[in-house]
Structure formats: C-alpha cells, structure tokens
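There are structures below to look over.
Common to both upcoming complexes is chain A, partnered first by chain B, then by chain C.
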Partner chain A sequence: MSYVIALAGNPNCGKTTLFNELTGSRQRVGNWPGVTVDKKEGTYKKNKEILIMDLPGTYSLSPYSAEEVIARDYIVMEKPDAVIDIVDATSIERNLYLTLQILETGIPTVIALNMMDEVEARGDKINAEKLSEILGVPVVPVTARKGKGVPELMAEAVETAKAKKAPKKLPIFDEKLDAAAAKIKEALDAAGEADSGWKAIKLLENDEKVAERVSAELKSQAERIVADSYGAGADLEAVIADQRYQYISRVVKDTVKKGRTGHVETRSDKADKILTNRILALPIFAVIMYLLFACTNSENFLFLGINSPGIWLAGVVETAWGWVTGLVEGLVGNASPWVYSLVIDGIMEGIGAVLGFLPLILVLYVLVSFLEDCGYMARVAFVLDRIFRRFGLSGRAFIPLLQGFGCSVPAVMATRTMESEKDRKITTILCGFMPCGAKLPIFALIVSTLFADSNQTAVTYSLYIFSIVVAIIVSLLLNKFVYKDETSNFIMELPQYRIPTVKTIAMHGWEKVKAYAQKAGTVIFVSTILIWFLSNFNIDSFNGNNAAANEDGSIMCEMDDSFMAGLGNVLAPIFKPQGFGEWRPAAAIVTGWIAKENVVVTFAQLYDEDVSPEYLEGYFSQYSPEELEELGFEGGTYDPEAAPDIYSESILFEGGDENALPTLHEDIPTKSAAYAYMVFNLLCMPCFAAVGAMKRELKTWKELGKAVGVQMLTAYVVSLLVNVIGGLFMN
Partner chain B sequence: MERLMALAMMEIGETRTIQEFHGKEEVKRHLQDLGFVKGEKVQVVGENPSGMILLVKGVRIALNRGLASQIMVA
Partner chain C sequence: MTLKEMKPGQSGRVVSIGESGQLKRRIMDMGITPGVEVKVIKVAPLGDPVEINVRGYELSLRKEEAARIEVE
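So, the complex of A and B:
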C-alpha cells in the first residue's frame, strides 16, 4: 500500500531541508534549486512506497500569493494521506497559526517541531508530549538540518497515514462562533458539499476562493447566518484570527518554558544592525555583488594578479576537453570527411565551447546559493525596496532578478511570490534581461576576441551593470505606459541568519553540474548537430550537384552557401544599423533562442576555418609600410612567414586567449558593434525554456506576446543606440 | 488609553500594541496571518529608508514605510 505524505509549513521553516533528508538523491526537483514555488515530489529513501510532496511555504490556508495557492489547493483538494506540518519551534506561536488551520481540514497530521537545537541553545524548553496531548496529534521534535529525529517522525507519519485518523476538533472558538459555524456546516451538508466543517470556517473568514466554489445560494445563506448573530456585514475574519491566536497563547503557555523572558538580542539582530543599516546597507551590498562577480569571472582576482576560481577551473576543464578531443580525433581520423567534420568540427567543437564555461557558472551559482541559504537575500530585498519602489517595483523583485543571473527559468517561476499582478508581469519581462549563466559564454567569447586589448573584466562587468540599468528604465516605462496598477507592499519575514552547511552547498553545486551536463548532452548536443548540418549543407547536397562539383565527391557545401547562410542572410539587413548585419552573427542569434549557449556553438563552428595565407595577405594590405614595420614586419615589407604570428599578436588580439576567434572581426568590425551584439543577445527573447516558463506565469498567449515583444523591442532599440553612441568614442 | 499613532512613527526599541489597520482587505488578512492582530505587541528593532523591521510574536518582519503608516498602534 502506498501513501502520499505532504510537507507543509510556514515559508522557511525547513520543509525542503526535510524533503531532501527524506528523499536523498532520488528527489525530482527542478533543474535549478531555489526558493520553493512549486510542489515537488520524491520517494522516501527508506520506503519507496511512500511518496513525499514538498509544498511551497504558506502562512495560512487563505492564500495571499500565487505559490501559497499551490500549497493550499494541494492540501485541501488533493488530500494527501497525511500532512507533516513543520513548525519552526523558534517561532512556535506564529507557526501554530497555520497548524490550527491544517488540523481544521481533517487530514491526518503529524507535527514536526523543527530547529529544536536552536530552541535548546536559547535555553527554552518545549514539552512535545504535552503539546501532542493538547492538539491531539503526534508531535515529534526534529532537527532537519542534522537529520535528527527524522526516522521517528516518518514512523509516526506512516502510522498516522495508515490509521486515517482525522484530528479531533479543538476548543479554539467561543460558543457564538462555534454555533454560527455549526449552522453553516449544516447548510453545506444539506447541499452535499464535501469538507463542510472546514468550508464553514472559511466562509466565516470571508475567504473569496472558497466562496467562489460553493453555490451563490449557500454563500448568501452563510451571510445570513453571520448577520443573524453578529449583525450585517460583520468582519469575522479578525475575530477568528484573534481567537486562534488566543488559543495558541494558552497552548504555548502550557507547553513552552522560556529560559529567559523578553526578547534577547540574537546574533541575527546584531548582524542586521550592520547589514540593514540605513547608511551601510547599500555599500555592503555593492561590495558583495562585486565579490560575487570577481570570484566568477575575473582575470585579475581581487587585484591580486591571479585568475579567479571560476577562470582557473575553466582552464582545467578546457585542458581536459582538449585531451578528450585529441583521443576522439585519433578514432575518427580515418573516417570519411563528413563524419570527421560532424564529430570534430560539429560535436567536439560545439560541446567544448559550452563545457568550458561550466566552471564559471558553477562558481557563480554556488556563491549565489550561499547568499540565499544564509538569509541575506531577504535583507537585500528589503534594503532595495525603497529604490525598486521608485522604479515601480517591490523589493521582492530582487530575488527573481538575482536568480536570473543563474537561469531565467527558476527566476521567472520565482515571480510567483509577488502578490501584485503588475509586479509579476513586469518582473517576468525583466528576468529575460538578466545575464544568465548561458549568456556568460557569449560575453566571454566576444570580449576575449574583440576586446582583447581592453580591460576585459571591466567590459564584462559593465554588461552586468548594463542589464540592471536597462531593467530599471524598462520598468519605469512599463509602469508609466503599460501596466498602471499599484505596486505591492513589501511584507517579508526576515529569517535567522544561518551558516549553510557544506553539504547543502555541495549538493546545490552537484545538482547544477548534473543539470548542465544533462543540458549539454541533450538540447545542446542536438542543437550542435543541427547547427553543423545547417551550416555545411544546402539543397544541392541532396540533388547531387555538390557531389558533382566537389573534387572529393563530398555533398557538403561552402558555409557561405549553406542553409544557415540562407537564414542569416534574410535577417542580416535588419541588423545593419547595429553594425553586425552579416549572416553569421544574425544566424547565431536565432540558434541562441533554442539555448543561449548555441550562440557560442554556432560561432565555434562558423568561424572555425584556419586563417589562410591569402586571408592574411588581404588583411595586412590595409596597412602602410610604416604601420607594417610598427606591427613587426622587418623593413615594413609583408612577409608571409612572419604573418601568422604577427596577426595573432596584432593590436586586435593582444592578450587574446585560445578562445578568441581569429576571423570574427570580419563580421563584427568595430567595438561598438561588438558591444551592441552582446547587448542584443543579453536583452532579446530568452531561450525557449524560459519562454515556456513565462507562458506558465503569464497564462495567456496575448500576455506572453506582449512580454516577448517588449524584450525584442528593447533589445533592438538599445543595441542600436549602443552602436550609434558607442561608435562616437569606442572605436 | 493613549492616542493612536501610526506604526511608522515609532522609534527603534519602542514597543506598542497593534490597534487597527487602514488598508486593503487582503493585505490585512496577510498581516493577521503573520501575527499582526489587535492587541498584539510590536517592537521596532530596525529602521532604514525602505521601512522598518518589527518583532511580532518573536519573528522579525520587514514592512515598507507606506504599509507601516497604515497600521495604527497605541
């Protein structure tokens, strides 16, 4: 017999920690862990018959924001066999408020008193047996972070699910309220409504969602019952909340022994005095963001003259991949030219171009998850609220936007935590502007090739700033002209600061590597083959014309005549004003919509040809003899033998690394055009996976069309401005 | 009884009791879920340009200034 056990509780009470503890590596979580905004299921690692459902956190069963609706609907409509209600024992009073509502649903429940170690450290004592006696359900003290008490908890939960025992009714409300509830329940029963007891209370509470689900007849009947005993239009919601809290304070008085009375200043309070300080908060945040970036993608780490951990690791991966490519080259060396081309120029080159950036993304991701796990994120959201409000957003938007630095998909999903629809819509659009991990390779490639003589770190960093500035301006414009609702309030619980365990961080990192490997092995692998095919074949490949024309009988064509060139040539004129109106950059943008990494894959394949002697001669013919001498040609005369070395060391490639593409500057000839190209890729429609997530959040095709339209328009206009204005001083 | 004042006017370290809320119904409900009920003690533990950090039922909650001025305390 299999059972479904749901984990419910307040946000940040440790549900996901417990979920991971229970399910181990078998969890089916999203590719990118983060704030839980969707339900996730897994099987209990010690008994595969038991399905564990992790729900988004909620403060009440009358939901306020979209992700709370998911939790409520699951508990009330799907009816798990049992609920484990996780109570953060350090704030037991507030947490029991949800507990009472869960008990009202009549679903078999077990209470997990989590964070008992912190309660004990404070010198407080909670009498779990007494609490269990009063509430009539099992209560198990646990410390989910350390796995303490978890087996006992599961044993109780399974017992409870098997027994199917509904929690008893508690004497929470006074007689008058109980009588009104009983009358409504009677009416609901007469109409054959299920869960009548729970619905009766919700109707008293004026819960709109429940009121929508019952008939108009029942709704007005309930209103009459309320009017009879409390007078017309009485606001029972506050009365009910009040009576629940009063009941809780009686329970807490009987079960909790405080070590010290009154609020004792904790380490979190002390940390907050600095981190949310009215003057220091923003500078501290700026420094942290800079460090985040410096660790990831800096060739002069903290001005120490060494590579950052991210760059260093990237070097290691590149070396390893080069070695693997060497092996594979040996294997296919004797194969037919098109197989060799597919395997080496297509797959190995393409995947390698993407894989090399995994370390950068990994380092960034681990650092962001550290910030998320330690409790700082909520503070930043709060500190930034005032600034965000000026641009017509709540500080809450910060969390999705920061997640957007990792990946747009979870970022877009995280917009659910915002209660105003306007904030959600705008933030969904802005998430697409963030420099996600997959865009990082585009920047790195272009910067190392076309900005080789500039401060490369500064150029990349400027793109991050750029994305934020654009997001601000677009938000202002959208607030002014498109979505004119009110900005939502900022209400957020500030969790205790906790130092994340190495285990959690390592797990996040590992999940990330796994997800990335999966992506490289599926979407990007297939794209790589597709891009190779489109770039090396055309119609004539299949009617024998190529085979007849080519000396070796190959059916492949010149890249300039390929399908890809056809596609790129259609789009290229559109980008003339941006300075990169050539078929290769234009086609790469399109492949980037499948996955942004594809831009790099496409470049790696399209610009892979060796620099020929003819090309070099043409390149250097633009220089006068004096300039040639300056470049290193003895006596100022062109020397074909010295040319390759001088070419790779020429102004353009000074400091350029092995990633640099030697012929990219043919198509993207100026720095302003190169910057515009990066900006266009940064701001335009995100990959299809992210667009799918946007559709889920925005619901309708019309809204999605509007959002993608805004992104495309922004990308086009801003990149145009970059090329025109940048052209005045960059080139 | 003391006169009502807006929570936003309180100073750091001050403790008062919540009396009423002048704002939208759904926001009121959410505040109640978080422990902001009539008669409940609220202490200001932090303040910055965004708003205030309050201690309610032993939990730190951050509110923006606009919202804090809709909550009346005594």
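So, the complex of A and C:
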C-alpha cells in the first residue's frame, strides 16, 4: 500500500532538513524565510512506497501569498494521506498557529516537535504527551539535524495515514463563533459542498479564494449569518486570529515549562549584538561581501598574490578540458572537414566556454548558501531595508539580487519570498540586470581583447557597479511611474543563528554544479550545434551550389553568407547608434537569449583567435624592417607588446590579412562601443530559462511583456548613452 | 502609546492594531494580537526597521507599521 505524506510548517522550522533526512534527496535547505519556493517530492529512503511532499514554509494558511496558497491548496484539494506538521519548538506559540489551521482541514496529522535540543539547552521543558492529548494528534519530539526521533516520527505518520483518522474538533473558538460556523456548515452541507467544516470557517474569515469556489447564493447566505450575530460588515478575520492565539496561549501554559522566566539571552542574541550593531553592522557587511567576491573571482586573493579558490578551480577545469579536447582532436583528425568543424569548433569549444566559469558559480553559491542557512541574510535585509526603501525596494530584495550574481533563475524564484506584489515585480525585473555567471565570460572576452591596454580589473568591476546603479535608477523610475499605487511592508522573522552542517553546504554545491552541468549538457550543447549550423551553412549548402563551388566539395559556406549572417544583418542596423551595428555582434546577442554563454560561444565560432602571440609573430614576419617601422614598430624591430594594437589598426585601415577571420576590433571598433556592447548584454532580456522563471512569478503574459519590455528598453537606451557619452572621452 | 515610540529594552502589551485588510492579517498571523506582550530588542543601524520579541521569537517590522500598533 502506498501513501502520500506532506511536510508542512513555518519557514525555518527545519522542514527541508527533515525532508533531506527522510528522502536522502538533494534539496535546498535554507534559513532564509521561505527558501522552499515550490512543493517538492521524494520517496522515503526506507520505504519506496511512501511519497513525501515538501510544501512551502508558511506562517498561516490565509490566501495572501503565493506560497500559502500552494501549501493550502495541496492539503485541501490533493488530500495527502497524512500531514507531518513540523513545529519549531523554540518558538512554539507562533508555530502552533499554523498547526491549528492544518488540523482544521481535517487531514490526518502528526506533529513533529523539532529543535528539541535547543529547547533543552535553554532549560525549557515541553510535555509532548500532554500536547498530544490536548490536540488529539500524535506528537513526536525530533532533532532533524541529527536525525534524532525521525524513525519514530515516520512510524507514527504511517500509522496515522493507515488509520485515516481525522483530527478532532478543538474548542478554539467561543460559542458565538462556533454557532455562526455551525450555521454556515449546515448551509454548505445542504448544498452538498465537500469539506464543509473547513469552508465554513474560511467563509467566516472572509476568505476570497474560498468564496469564489462556492455559489453566490451560499456566499450571501454566509454573509447574512455573520451579519445576524456580529452586525453587517463585521471583520471576523481579526477575531478568529485572536481566538486562535488565545487558545494557543492556554495550550502552551499547560505544556511548556520555562527553565528561566523572562527573555533569556541566547548565543544567537549575542552574535546578533555584534552583527547588527549600530556602528559595526555596515562595515561587517562590507567585509563579508568583499570576502564573498574575493573567494569567487579574485586573481590576488586577500592580497596574498595567489588565485582565489574560484579562479584556481576554473583554471583546473580549463586545463582538464583542454586535455580532453586534445584527445578528441586526435580521434576526429581524419574525419571529413565538417565533422571536424562540428566536433572541435562547435561542441568542444562551446561546452568548454560554459565549463570554464562553472567553478565560480559553485564557489559563490556555496558561500551564499552558508550565509543564508546560518541566518545572516535575514539580518542583511534588516540592516539594508532603510537604504533599499529609499530606492523603492524592500531590504528583502537583497537576497534575490545577490543570487542574481550567480544565476537569474534561482534569483527570480527567490523573489517569491517577498510579500508585497510591488516588491516582487520590481525585483524580478532588476534580477535580469545583475551580472550573472554566464555574463562574466562575455566581459572577460571583450575586456581582454578590446581593453587590452586599460586596467582590465577596473573595467570589469565598473560593470558590476554599473549594473547596481542602473538597477537603482530603474527601480526609482518604476516606483514613480509604473507601480506607483502599490505598497510594500517589512514584516519578517529574524531566525535564530544556526551553524549549518557541512553536509547541507556540500549538498548545495553539488546541486548547483549538477544544474549547470545539465544546462551545459542540454541547452548549451544543442544551441552550440545550432549556432555552428547557422554560422556555417546557407541555402546553397543544400542545393549543391556550395559543393560545386568549393574546391574540396564541402557544402559549408563562408560565414559572411551564412544563415547567421542573414539574421544578424536584419538586426545590425538597430545597433548602429550603439557603435556595434555589424551582423556578428548582433547575431551573438540573439544567441545569448538562448543562454548568455552563447555570446562567447558565437564569438568563438565567428571570430578568429587572431591575437595569439604566435599568430601575430607569423603575420608580421612577412614585413621588412622598413615596413615594420612604417606600421608603428619602433626602430623597425618586432615588439610582441605593441603587436596586437598595430595588427588591429592595420586590419582596420588597410583591410589586410585575408586569411584570418575578422577580429572583434573590426566589428566593435571603439572602446565606447565595446563598453556599450557589454552593457547591452548585461541589461537586456535574460536567457529564456530566466524568462520562464519570470513568467512563473509574474503569472500573466502581460506582466511578463511589461518586465521584458523594461529590460530591453533600459538596455537599448543605456548602451546608446554609453556609446555617445563614452565616445567623448574613452576613445 | 504606539510600538514605534517604545525604546529598545522596553516591554508593553498590545492594545489594538490600527491596520486593516491584508497587512493587519499578516501582523496578527505573526502573533501580534491584542493582549500579547512585546519587547523592543533593537533598532536597525540606520534607524529603521525595528526588531521586537513576540511570543518567544524575533520579528522585524518598519516604524511605519509599528506606529499603527497601540501598546500600553
């Protein structure tokens, strides 16, 4: 016999830790309120017949936030065989508030009393037996982090699911409310409505979602019953919430024995005194953010003159991939030209471009996960809220935006933890402006080739600052003109600091690497082949014209005549004012929407790596010393340092080098245009995976269109300004 | 007085919540109901929001929201 058991509970109650403990699956465990943004499932590791559903963490089952609706719709409509309600015993009062609402649904329930070790450490005692007796459902004390009590909990849950025993009705409400609820239930029963008891209370609470589901007649009948005993338009929502908490106070009084009275200062409180200290909070935050990025991508880690873990790992991966490419090159060396081209220039180069920066994302996410799990991120939101509000945002927007430095998809999903719709919409748009991991190779490539003689680190960092400045300005504008009537709030739990386990952190790292490896293996792999195809073939490839024209009988064409060129040529005129109005950069932008990594992949296929020192030396060896002097080499001797610039100038002004593919210098001739190109890719619509995530969060196509429109418009206008204004002093 | 006027370290009992609709519901869901004891723990370094202890856990809310919560 198979059973479905759902896990429900407040954010930070250890629900996801328990889910991992039960399923052994790799799951995000977070100490950020609402990390589980969707329901997830897995099978119980000791019995594959038992399906475990992880519901989003919520404080209530009211219909206001997306997460609450997901959790409650699942419980009420899908009717799992049992619900395990995880209660954080360290804040039992607030947690029981959700418990009462779960019990109201009539689904068989078991309560897991979690964090019992912390309760004991505080010197408090909770009488689980008494609690079970009062609430009429099994109560099992557990410590999910250590796996303590988990087998007992599951045994109890399976028993409860088998028995199909609905929780008893509790004496929560006063007589007057009960009488009104009974009358509404009667009317619902008469109309043949299912779950009449639960719906009756929801109608009393003025719950719009439930009111929509019953007939208009039943709805007005309920309103009449309320008006009869409470007067027309009475606000019973507050009354009901109040009575629930009053009931909980009575339960807690009977079951919890405080070791010490009053507010006890915990270790977490002590840590908080320093971390959110009036004077130290901002400097500590700055140092932590500096360390975060230093560990990720610094070539002078903590001024020690060594590479950061991220850069070091990236180097290892690149070397390994180079070695693999070498092996594959040997294998296809004798194959036909197009097979060789597909495998080496297409697949190997494309995947290599993605793999190279994967370690950076791994390091960033492991660190961000740690900060989230230990509870620091909630404090960052607390400290920064004042600043963020000035820009029309909530402090809670910080988490999604920081995650945006890794990948826009989890970033956009993280916006769901914000309650205010306005904050959610604006933050979703801003996430697309963040320099995600996939955009970094674009910057790296362009900065290293087109800003070779500038301070490259400064140029790259300026883009980070650029993205933040643009985000602020756009947020202000959106607040002023687009979402001007909507409000936001900042009612947020500040969870206890907890050191996450190494297992949890390791799991996060693995999860992200897996997600990226999958992305590289699917989307990037397929689009690499597509880009290769579009850049090397045209109509004539398939009617025999190319085969007849090419000496070797190849059906491939010149890139200038390819499908890709056709696409790029259509778009190129749009970007003339930005200074990069050629088909190659334009086509690369389009391929970047499939995945931002593709911009680099496309460049790798469309441009020659002509600025390699060996190539340059060979190229200039055809000139005599007099000619070299004329070209700009001092004293007529070849100088590797000056070679790249002289090369690109000679190509630009004399056409030169017919053997080489064009260079980036040719299509993006000025520094201002190069910067504008990076800015456009930074700010324009993110990849389709992220757009899909945006659609899920924004719900309607209209809102999505608005968001993408804002991103595109911002990218176009800002890159135009960069080229025009930057052109005055950059070039 | 209101919750906003309370200084860090001060405790009080909630009398009423002057919000309405969704925000009021959210405030009450988080355990701030009439009669409950609240204690102001601290004010954020930049002067807003505030951190309070209610029902044994820490909650933060903006001064704007705290100003609507009547305490004694």
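The rule is short, and it goes like this: the second predicted complex is superposed on the first by the 655 of 731 C-alpha atoms of A that agree within 3 Å, B and C clash if a C-alpha of one lies under 4 Å from a C-alpha of the other, contacts with A are read in each partner's own complex, and residues count from 1 in each chain.
Criterion: contacts are C-beta pairs under 8 Å (C-beta built on N, C-alpha and C of every residue); 3 or more make two chains touch, one makes a residue touch a chain.
These figures come from a predicted structure and were not determined experimentally.
Visitor: Could you tell me if A:278 is touching chain B, chain C, both of them or neither one (first, second, both, neither)?
Guide: Both partners, chain B and chain C.
Visitor: Taking the superposition on A as described, I'd like to know which of chain B and chain C A:490 touches: first, second, both or neither.
Guide: Once the two structures are laid over each other on A, A:490 reaches both partners.
Visitor: Is A:62 in contact with chain B, with chain C, with both, or with neither (first, second, both, neither)?
Guide: both
Visitor: Pick one for A:237: touches chain B only (first), chain C only (second), both, or neither.
Guide: Both partners, chain B and chain C.
Visitor: So, A:97: does it touch chain B (first), chain C (second), both, or neither?
Guide: Once the two structures are laid over each other on A, A:97 reaches both partners.
Visitor: Between chain B (first) and chain C (second), which, if any, makes contact with A:503: first, second, both or neither?
Guide: neither
Visitor: Is there a shared patch on chain A that both chain B and chain C touch, and which residues make it up?
Guide: 59-60, 62, 64, 90-91, 93-94, 97, 237-238, 241-242, 245, 263, 276-278, 281, 382-383, 385-386, 389, 395, 419, 489-494
Visitor: What residues on chain C touch chain A, complex-wise?
Guide: For chain C paired with chain A, touching residues are 17, 20, 22-31, 33-36, 39, 42, 44-49, 51, 53, 55-62, 65.
Visitor: Can you check the complex and tell me which residues of chain B touch chain A?
Guide: Residues 25-35, 37-40, 43, 45-51, 53, 55-67 of chain B touch chain A in their complex.
Visitor: In their shared complex, at which residues does chain A touch chain C?
Guide: 59-60, 62, 64, 90-94, 97, 235, 237-238, 241-242, 245-246, 263, 276-279, 281-282, 382-383, 385-387, 389, 395, 419, 489-496
Visitor: Over in the complex, which chain A residues touch chain B? Could you list them?
Guide: So the residues of chain A touching chain B come out as 59-60, 62, 64, 90-91, 93-94, 97-98, 206, 237-238, 241-242, 245, 263, 268-269, 272-273, 276-278, 281, 378-379, 382-386, 389, 394-395, 419, 489-494.
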